Amino acid sequence: MNKNKEKLLAKRYSSEKRFQFLGKSAIFMALLFLAIFIFKIFSTGYTAFQKTWLIVPVNFDAETMYLDANPSKEDLEDADYFEISLQSMFNLDKNANEKQQNELKKMVSYFFEREIKQELINDPSLLGKTKDVYITASDDLDQVFKGNYPRDLPENQRRVTDYQLKIFDQLVEQGKVESKFNLSFFTYPDSREAELAGIASSFMGSIFSILVCLAIAFPVAVLAAIYLEEFAPKNRFTDFIEVNINNLAAVPSIVFGLLGLGILLAVFQLPRSTPLVGGITLSLMTLPTIIIACRASLKAVPPSIREAALAMGASRMQTTMHHTVPLSMPGTLSGTIIGLAQALGETAPLILIGMVAFVNTIPGSPMDPAASLPVQIYIWAESAERGFVEKVSACIMVLLGFLIVMNLFAQIIRHKFEKKWS
Amino acid sequence: MRKNGVNMIKISAKNVDVFYGKKQALFNINLDIEENQVTALIGPSGCGKSTFLRCLNRMNDVIDICKVQGEIVINDFNINDKGCDVVRLREKIGMVFQKPNPFPKTLYENISYGPTIHGMAQSKQEMDEIVETSLKKAALWEEVKDRLHEPGTGLSGGQQQRLCIARAISVQPEVILMDEPCSALDPIATAQIEELIDELKKEHTIIIVTHSMAQAARVSQRTGFFHLGELIEHGSTDKIFKNPDNIKTQDYITGRFG
Amino acid sequence: MLGYTSYYFGRKKAYTIQSTNKRLTALPQFYGYYLAIWCAIPAFIIYSLWAIFEPTIVKLLILSDYANQGYLDDELNLIYEKTKALSRGQFTGEVTSLIQTSSEKYLNLRSIAQSSKVVIVLCIIIASVAYAYKRISSNNRTREPVEKFFNAVLFTASLAAILTTVGIVFSLIFQTIDFFKVIPLFDFVFGTHWYPAKAFVRDSSEALDPTMYSDTFGAVPIFAGTFFIAFIAMCVAIPIGLMSGIYLAEYASYKVRQYAKPLIEILAGIPTVVYGFFAALTVGPFLKDIGTAMGLEVSAESALAAGGVMGIMIIPFISSLSDDVITSVPQSLRDGSYAMGATKSETIKKVIFPAALPGIVGSILLGVSRAIGETMIVVMASGLAANLTLNPLESTSTITAQIVVILIGDQAFGDPKTQAAFALGMSLFIVTLCLNIVALRVVKKYREKYE
């Protein structure tokens, strides 16, 4: 009997250990996923912040550009740069045949003409001289230089030809290839060419959408929460509102996209693809989140404060506006920021209202067509070019950076300003 | 078990100190508990009597910041030793709490819980027997025998507490700790529990923490008086109530403070 | 701005009354608010009425010229549209003298309307402010009306949630009804072939022939795919989420909890498009490689990849909700079990888990509802072709993915394909609504039990 008991006890303890181990490994798994995730994004994304440049000698020959010796600013603007640009690329290999010349041209981005033009406009004294100019390399060479491109594939499966690789390797040997910080990633709008694509348009689109969302959702949500928490009589109607809010908070986001499409675009005829419509749609989505957060922080204000104010002869409205609402503000604000962070990461509803359109201008107002950061991630992720993979990861890093900052901010507000009621 | 007219010592606490974080809750407690007797621990709120009770089956382990020092010897074995197995200890020392806390399960499952985890029954029949005898000992059998498979939370407060007692005795513990078992009950239920305690002491050693001095006087043979974390006085209940040595005890007994 | 001025005047008058030692029944500010409300609201009402009716009236006035010249209604409308376009300078067609004159008249009318609008609104502001100003006196109550007004504003705001729900239902229901006029409900719910692309290539003149669409909009593969992927997701999320919730609630020391909990919750804050990218770029090819190594045929866009990553996304929901639920189980139950000599895991398995079960079920249901409504992961990582399959290594499609596929780019309302997307949206809304209502009710009941 006693021996049996010992055996049983040992079994019980090992089952205890097993259970604890399961719990620990569950946590470990969850954290492992997070780690893999972040590692993957960073390891593929960090290279996007560097951009590869070819240093090409350009002969600013006045004759080829149809310019006289002392051109005015306007002349410089209107001059023909195509020929000298092309020529400087061809000069990389003077023995190149026509096909190879074509390949030479494709080693740089189609912006090369503009880059050469900018160089001369910045320094008109270069006219007639030859100078080394930094030219953006094509995205495939960019990837080759960063070591992301499988060079050992057979030539017909690569987008980079053997000839281009040969020239490129020569340039690398001569120190004519350089990697520099990729400023254009932040200042250029979207582009079909990976080496020229930037997040400026989608970034502004996100900012405008969030501002519209904030402007609508915050006041409405706060007022609604105040009403429901402080003034609403307890009856079936307010119960109904409450159930409604809780349900809305769990409705899939894509349904809000259908709402935006079916009502805002089809009925109200608001302009498609704009941050305005995006912001309104997102605001409807975040509304319940903010209302719930605001109500929770109103609820946390102890009734004794209300009673004290009421006993001083303040009206219900005065009590609420002078005491309860200010005291609940930290919780409300941090809830709002978290709601906005959610909205910032939302993709599906924006796709439905057309914010997925290709936009290669930087929007100046909420009424201009734009994409948003998460939608930009989606657009680039669906693109076939290898160069977009690192762009996607970099864009994710920017987006995650924003979300982290917003969440930290919410935390700080909560901890710094929220009073603890005991 | 009588030896020269003196009861065997079941539990003996030596130099027990308890800390909650930095705050000391018990100061150097020395107390011997006699076998098959009811020992009552009395004292004003917050004096540490419940804390001391929870030391005896190491329930204080549950509280992270709580630290116990000193020796508590049960059956020649110091339970504060590192080698002590809490699970085995608690099998031998049952506990009944202030508020009845039946599990949200059926009556039957409530009682069979302990025997199951400790593997005390080999068959369904044996288990039925254990459940029946436990309920009978707790004087609850007659009231609930027809609804053993209904939830335990459906009973009245007094019945729930007797259910908890039945649950505690189902594993045949040597000692039963009771932490103000009647404070949430009405007088009739209290009387039933008190009767039960008197019955139980034949087979178990009982330590009861109580607020009510009348209850201590009614049910216990020995009494310890705690005040501000110290054991002021202990001895036979008769002596403590009729002729205490310490002036504080006298004041408390006569209702001058507390 | 006018509102602020009147606020100022109202308060000033109140101060003057106060300075003559009369007692006011409300604070001076209230008189200000009172005046401001009187200033803004009637003017606002008139202004919006004006804005609504102006175009109609202008149109009537312009078209009245041609009313007796035998034009058809459609032609009249065309004339009006042309007139408007010309006035805005956006007209591209041939400018006839008729349109030229009516356009001039239009511009004329608009400018009259504009100026008269300003005048009338200003008059109303002045009139109402004057009325309210006169009413301000020492014993006139202003606090009550002002507070009533604010109360009404608050109440209106709280209707926003209901309006949103109504908006959702409205936006879905008309398109859905139109859809079911063309496609019988039975075919949609029980049909097993989903090829909306087939409807797209058809000529628009044939579009209303219902027989063309048989075997095109059978939603069974879509529903099956949705639940299948959600099932895979829950297979990942429930064990990991539940166990980590239990560990955090019962075992973890304060320190571990302090760090592990927010870290796990980061998983919930990551946008779903990022998960989609991760699933498509890393998990899909990875599973494919493993499958090929084991001699299995694995699609790069397998249901397993999408479901698995979705499961990771749902882990934090389950873990933090079940953590909450478990922590709210009263300590006395734990004490009772420990005092019986139960180990921690026995206490959890036999006492705490059963007690917390309703709450845990509720949180799992919420997780399922999320999995069903999740869009981006499926769009990016799972296939878009609707296969009716239960093989997790093949690609399947879901409700949400199909909605996106159909509605991405330009849509023509009235096309059965677009309407199909709305019908899918309707079914998604109904399914998740039911899940949410049940889950929220279960959780609420559970909370009330232990509070």
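Letters A, B and C mark the chains as written, and numbering starts fresh at 1 in each.
What we mean here is this: contacts are C-beta pairs under 8 Å (C-beta built on N, C-alpha and C of every residue); 3 or more make two chains touch, one makes a residue touch a chain.
As the structure is a prediction and not an experimental result, all values here were calculated from the model.
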item: Contact-richer chain pair (by C-beta pairs counted) among A-C and A-B; value: A-C
item: Core chain by centroid distance, with centroids computed from Cα atoms only; value: C
item: Cα-centroid distance, chain B relative to chain C, in whole angstrom; value: 58
item: Whole-Å gap between the CA centroids of chain A and chain C; value: 22
item: Interchain centroid distance [CA atoms averaged], chain A/chain B, Å; value: 63
item: Multi-chain contact residues (two or more partners), chain C; value: 343, 346
item: Sequence positions of chain A contacting 2 or more other chains; value: 12-13
item: Per-residue multi-chain contacts in chain B, two or more chains; value: 87-88, 117-118
item: Sites on chain C touched by chain B in the complex; value: 253-254, 330-343, 346, 350-351, 354-355
item: Touching residues on chain C, where the partner in the complex is chain A; value: 143, 147, 150-151, 153-155, 157-162, 164-165, 167-168, 170-172, 174-175, 239-244, 246-248, 250-252, 260, 263-264, 266-267, 269-274, 276-278, 280-282, 312, 315-316, 319, 343-346, 348-349, 366, 369-370, 372-376, 379-380, 400, 403-404, 407-411, 413, 421-422, 425, 428-429, 432-433, 436-437, 439-440
item: Complex contacts: residues of chain B adjacent to chain A; value: 85, 87-88, 117-119
item: Of all residues in chain A, those that touch chain C in their complex; value: 12-13, 15-16, 18-20, 22-27, 29-31, 33-34, 37, 40-41, 44, 219-221, 223-224, 226-228, 231-232, 240-241, 243-248, 250-259, 261-263, 266, 284, 287-288, 291, 315-317, 341, 344-348, 351-352, 354, 356, 374-375, 377-378, 381-382, 389, 392, 396, 399-400, 403, 407
item: Interface residues, chain A side, partner chain B - complex; value: 4-5, 8-9, 12-13
